[in-house]
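What follows is a set of structures to go through.
In what comes next, subunit A is part of two complexes: it sits with subunit B in the first one and with subunit C in the second one.
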Partner chain A sequence: MGRYRAGKGRALKNSRRHRLREFQMNPEDRFYSACLDPSGYARGLKQRTCGKILGYFCSYAPVELIHAAGLHPFRILGGKGEIRLADAHLQSYCCSLVRSGLEAALNGSLDFLDGAVFPHTCDSIQRLSDIWRLNAGFEHHFDVVLPVKLNTLSARRYMAEVLNGFRKELEQAFQVEITDEALWRAIRDYNVIREKLESLYGLRSFNPSLFDPSAVHRITAAAMFMEPGAFLKDISEYLGNVEPGVLGGTGSGRKRLVLSGGICSHPDIYDLLARAGADVVWDDLCTGTRWFEEKAEEDGRDPIGALADRYMARSVCPAKHADVRARAGELADTVRRHRADGVVFLMLKFCDPHAFDYPYLKRFLDEAGIASLLLETEDHPPAEGQLMTRFETFVDML
Partner chain B sequence: MITAGIDIGSITAKAALIKDGELAGTRLDFTGYNAPKAGRRVLDDLLEKTGIKKQEVDFIISTGYGRNSVDFADKSITEITCHGAGARFIDPGVCFVIDVGGQDSKVIKLSRDGKVVDFAMNDKCAAGTGRFLEVMARALESDLDEFGELSARADVPAAISSICTVFAESEVISLISKGESRENMIAGIHESVASRISAMAKRLGVTGPVMMTGGVAKNSGAVRALENKLGVSIRVSPHAQLTGAMGAALLAARMEQSA
Partner chain C sequence: MSDNEKKHDPDTKQQKIKAVSRMKEIMTNYYIEAKSAREQGRKVAWITSGGPVEPLIAMDVIPVYPENHGAMIGASKMGGQLCEKAEEMGYSRDLCSYARADIADAVYKQGPIGGLPEPDMLVCCNNICGTVLKWYETAARYFDVPLFILDTPFVHREFSQEAQNYVLSQIHEYVGFLEDCCGRKMDYVRMEEVGRFSVEGTRLWQEVLDTCAHKPAPMTAFDAFFHLALIVTLRGTQETVDYYKQLLDELKERIRRKIAMVPNEKYRLLWDNLPVWYRTRWLSDKFASHGAALVADTYTSAWSGMVPDMQGRSFLEAMAETYTKVYINISIDMMFDIVAGMIKKYDVDGVVMHSNRSCKPYSLGQYDLRRMIMDRLGVPTLIIEADMVDERSFSESQINTRIDAFMETLKA
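What follows is the complex of A and B.
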């Protein structure tokens, strides 16, 4: 979007080399490349543009504010490497996202970051924020202490105050002014990205055979890594080339599934489910619909209010509260709306909020006659043999 | 009609033949490192034992963790579905199956018509599996076949607080050095296994008559400990670890019939 200034010398050479490589790639290649090596993508972006990059861990991070400040918001999804440094700072019952995220910060894998923002979600992320601040050594650090309850007027007022506070902190830290105009522009950019991702999900639900099993997952992840303007251009071109075909596609007899949980950083899971005879048609994931659903108002007078309203309107994650049965009701509705045959819960091991929610969600689905399967994941998925035994049995069961 | 089920488990390979709705024979052997070879061997041995020729077998279903390595099978189905079908074949009243094998334990809920409606299995951990018992038997220099009988003689089961196989083994060694009786330690080991499996079963919700299958079903001490933890009486599959192969053969017969 022209926010990144071209640098001199090496940066210019890199830029030319990058443009040549980009020219030879199609949008799908670029999504996959960003998804395969997010850090490599971010490092390249930084070299080309000399821009600043701010990392974030969860879908409650106000990416529009970061974007409006002229920074690149970069989603940290952890890694799959060996944990050598992080364990010295963490207890053994921390989830793999926290462990591998901290490891990446400590071992230099995130050296392209200028800082990170930690929205108030689960306890582990709160404590990670402190450990990160003390040990990671990045120049900038932000805590965005969002309200926990998201269904009251006072929470809405508090949410707006917190977002305003973050806006001022960003302005101060990076010596920029985040004008209302810039913020509206960022809101519009992200609204279009969300709209495109929703279209992509809609096409998959309409006809799963249009895509490789893990394609939609990879593209959605790429949206969280790539520069918004570049992603928007690519996703528009990509969607323009998708022909919807016929309802349900060619996969007769195949089962339709909804994934529910926190983060999913395992494209293999989609491929293995496909091998077992099922297509993922929708999700309720922090790295999926919870990142892109609900658009912020574009026509109001208060852009911060528009952002606050979006967070109040979208589905809550289990670290937040809207209504005691909100998540279960929405999940069951999603299953019905997308004619799904069942739900696979992807639970990150040691993720307390999701673990606490699971028993009631499972009971609710059982009572609604919706079959479900629980799968605990970590930075590496379970062994393929065990995974296929679970998936094949579940698909047979449906 | 003759159908075969072949179950390649982590420790043993099993085969079962069903002829006109009746069990014609079973065979069990160690899997070893070559799962495809074990599948072929166990079926060949069973055919020889029963006098049935290979070409007479109408349909073969493979199951178990090595199910996809049985290249001569007509279809593969997971051991969860097969243990459910096998348990129902043995006892039509069964609604809940606990299958404890060498490397995993599974709880399976069946519908009235015998279909799997829910299940859970252990994850990445040997606690609550046959392997756990094997490690403990080695530490106690005892034969696994005697475990049931020895644990029945325990007065106060020893508390094994660790659920990790390696740490539990250290705990057992430490109990040995303190002079704890072997009977009490074995009973404690069974309680440890039962705690793990019963927690998984309770999460699923135990319904109706329960049957235990898999190799650990042969261990009366483990079955007794599970009955105490769950507060229900458990029907033990007389075919223990052969139940999955029988279920596979039965499902093969159904498929052949409906073809």
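What follows is the complex of A and C.
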């Protein structure tokens, strides 16, 4: 990697961005606008292409199959705003991703969806699938009951069978044929997207000052909302514009952090950390590396097998099972590899899988001499002032 | 659990179920045996409540149930205190209180029996929840022992052929795991024998529950919560079969002699979700004061749902399906069918749902289930918010008022 400095892809101020019309927009504007209003993006896409859109919640949703069927996979990251309708279906002790996702389905904010796909993850998503199917009224509904174990041959076999079953279900529901060729094309598209995101992350780790604090987060989120072809074009252009320049990452006195947890839908956290004197340089999030790490093998033989292998090889989500100590080791390695000074755990309240892993991850980091901070979030992060104080204290301590 | 029972003992001599003392004896012996496993040169396995225990019995391994232990902790009213300890260890208060209490007790050994016997191996079947997966991973790290996971795909609409094959191959892997841990081979003749005891015990358990279809009911769900312990922990043994025969005889005798558990039974209710272990007596008295008997529940009947449909298969093969289709591993609409069947069978006037903040797979979806029960069956349904073990999440005054109001609507 050479030396880089900010190119013309630097962030535009929010107010100006809004005023720009599509044809004047550059890739970064398009990422930001998709990220600010994912539903607006999806509606626009639907209008332009008359295509069908399938929603999904989890990084184990086989987006390649959806894409190969000619549909658009759209990640649901929960809505903002008040919860009213979902309260009639979900108790208060359910995570805000599930609650706000259901709210959005019930109040019409997701009216552009033709359906949704629920890969098996946690207990809450499992029940959300039922509630959604019984109440949300979308035309299509898919449950992809993937194995929970990811470390045995029989699970690998079952994984491939489930993916194959989903392929058939898609074909039937939408009256399309998903050819191997189409599937390989989709795999290639997503592999390139993953590669690009990885180099984006790499650039940020190399020199965080190249980007606005929340830019990488927004771009990664945009990858989950935008039509893959369009995103690919934009990300290639965007990366091409990040020009070599002065090295600003090290020796700047700023601290380097890794975020760990489930979903993060609060770009502000990156800004606040930056103000406190720390840059996020890598993550272990469902909306970050867990979505793009590991590529599917493009050996031209068995596309479903390639997808299954990717899920088996990828770093494990806490709702799944592989080696019981793998996550801690990987997290500590990530910290070392990116010369980070500490870890911030982002815990979504009521998220069981992540909450169960936290004590052991924390202890492991403590023993490895890596500092960490726990931040529990709901649909809204804690008040800014309070957050700022906690961040500053943490960063000062590093 | 013995403590729980003591508190529940009805006042009058006549109402007491006599088999209770035999049950206590069996459970006490069981825990003594489990605690002295090392001296006897026997191995101990921790296993989830919905897990296939039969292969363990066949391999002469002592099964230990952290969830049963959790219930015991709850009934002894030690839940809040142990849960707090777990929270100090970094476990969120929002996690399942069985898991929290048990994790804390594994470290501090301050529970009612001074800690469970430590495991030589762990067997986790995720047919009840994703929590057990995480909980057993924690135990596997803490005790540094091998962990086997029986992954039973959730049944949203059907138990697919692929899922059946997957579970079946894991049953064989499970046997292999046990053989490795024990250093000896499975005796398949013995396995089938254990399977027969299991089937018989489970059938008897169903018959025990079925006695409550009689009016008035000779026992209530509160008794079922207590007598459940054996079908959970010692399924597949002669002892369990004998015990439930004894219990069944006694219940039939009560029916013959018209002995009701709730004197002047007027209303018949169905309970959904786990018991509130630290308040069984209070709740039982509360409902009884309104002449209401809890004649059935979805919780204890989950184990009677485990009678395999043998269809000429071996027990191990039939088991794959049975264990995957248990009550909380199925969709809300499938649960509704089961609840509707129970409402009819036990001639129920109302449903009481325990919205249990510990148990998301059981509780999320209850609001929809409730709507289906009210809309499609016209059966009034009450939801009370609580927790099975952590007494800090129980608001007596609120629940008291809600139950009174609900009973008023039933009476109207």
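Everything that follows uses one rule, which is that the second predicted complex is superposed on the first by the 369 of 398 C-alpha atoms of A that agree within 3 Å, B and C clash if a C-alpha of one lies under 4 Å from a C-alpha of the other, contacts with A are read in each partner's own complex, and residues count from 1 in each chain.
Keep in mind that, in the parts below, a contact is a pair of C-beta atoms (placed from the backbone, for glycine too) under 8 Å apart; a residue touches a chain by one contact, two chains touch by 3 or more.
All values derive from a computational prediction rather than experimental measurement.
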item: Which superposed partner A:188 touches (first subunit B, second subunit C, both, neither); value: neither
item: Partner chain in contact with A:393 - subunit B first, subunit C second, else both or neither; value: first
item: Which of subunit B and subunit C A:357 touches, first, second, both or neither; value: second
item: Partner chain(s) touched by A:382 [first = subunit B, second = subunit C, both, neither]; value: first
item: Contacts of A:233 with subunit B and subunit C, given as first, second, both or neither; value: neither
item: When both partners are placed on the shared chain, which of subunit B and subunit C touches more of subunit A; value: C
item: Partner chain(s) touched by A:275 [first = subunit B, second = subunit C, both, neither]; value: neither
item: Touched partner set for A:371, first subunit B, second subunit C, both or neither; value: first
item: On subunit A, the residue positions that both subunit B and subunit C contact, one per complex; value: 359, 376
item: Interface residues, subunit A side, partner subunit B - complex; value: 359, 366, 371, 374, 376, 382-383, 385-386, 388-390, 392-393, 396-397
item: Complex contacts: residues of subunit A adjacent to subunit C; value: 88-91, 93-94, 120, 122-124, 126-131, 133-135, 143, 145, 147-149, 152, 154-155, 157-158, 161-162, 165, 318-319, 321, 324-325, 347, 349-350, 352-353, 355-360, 362-363, 376
item: Footprint of subunit A on subunit B - complex, ascending; value: 65, 77-81, 104, 115-121, 123-124, 203
item: Subunit C residues within the subunit A interface of the complex; value: 89-92, 94-96, 99, 126, 129-131, 133-135, 137-138, 140-141, 147, 149, 151, 153-154, 156-157, 160, 162-163, 165-166, 169-170, 173, 331-333, 355, 357, 360-361, 363-368, 385
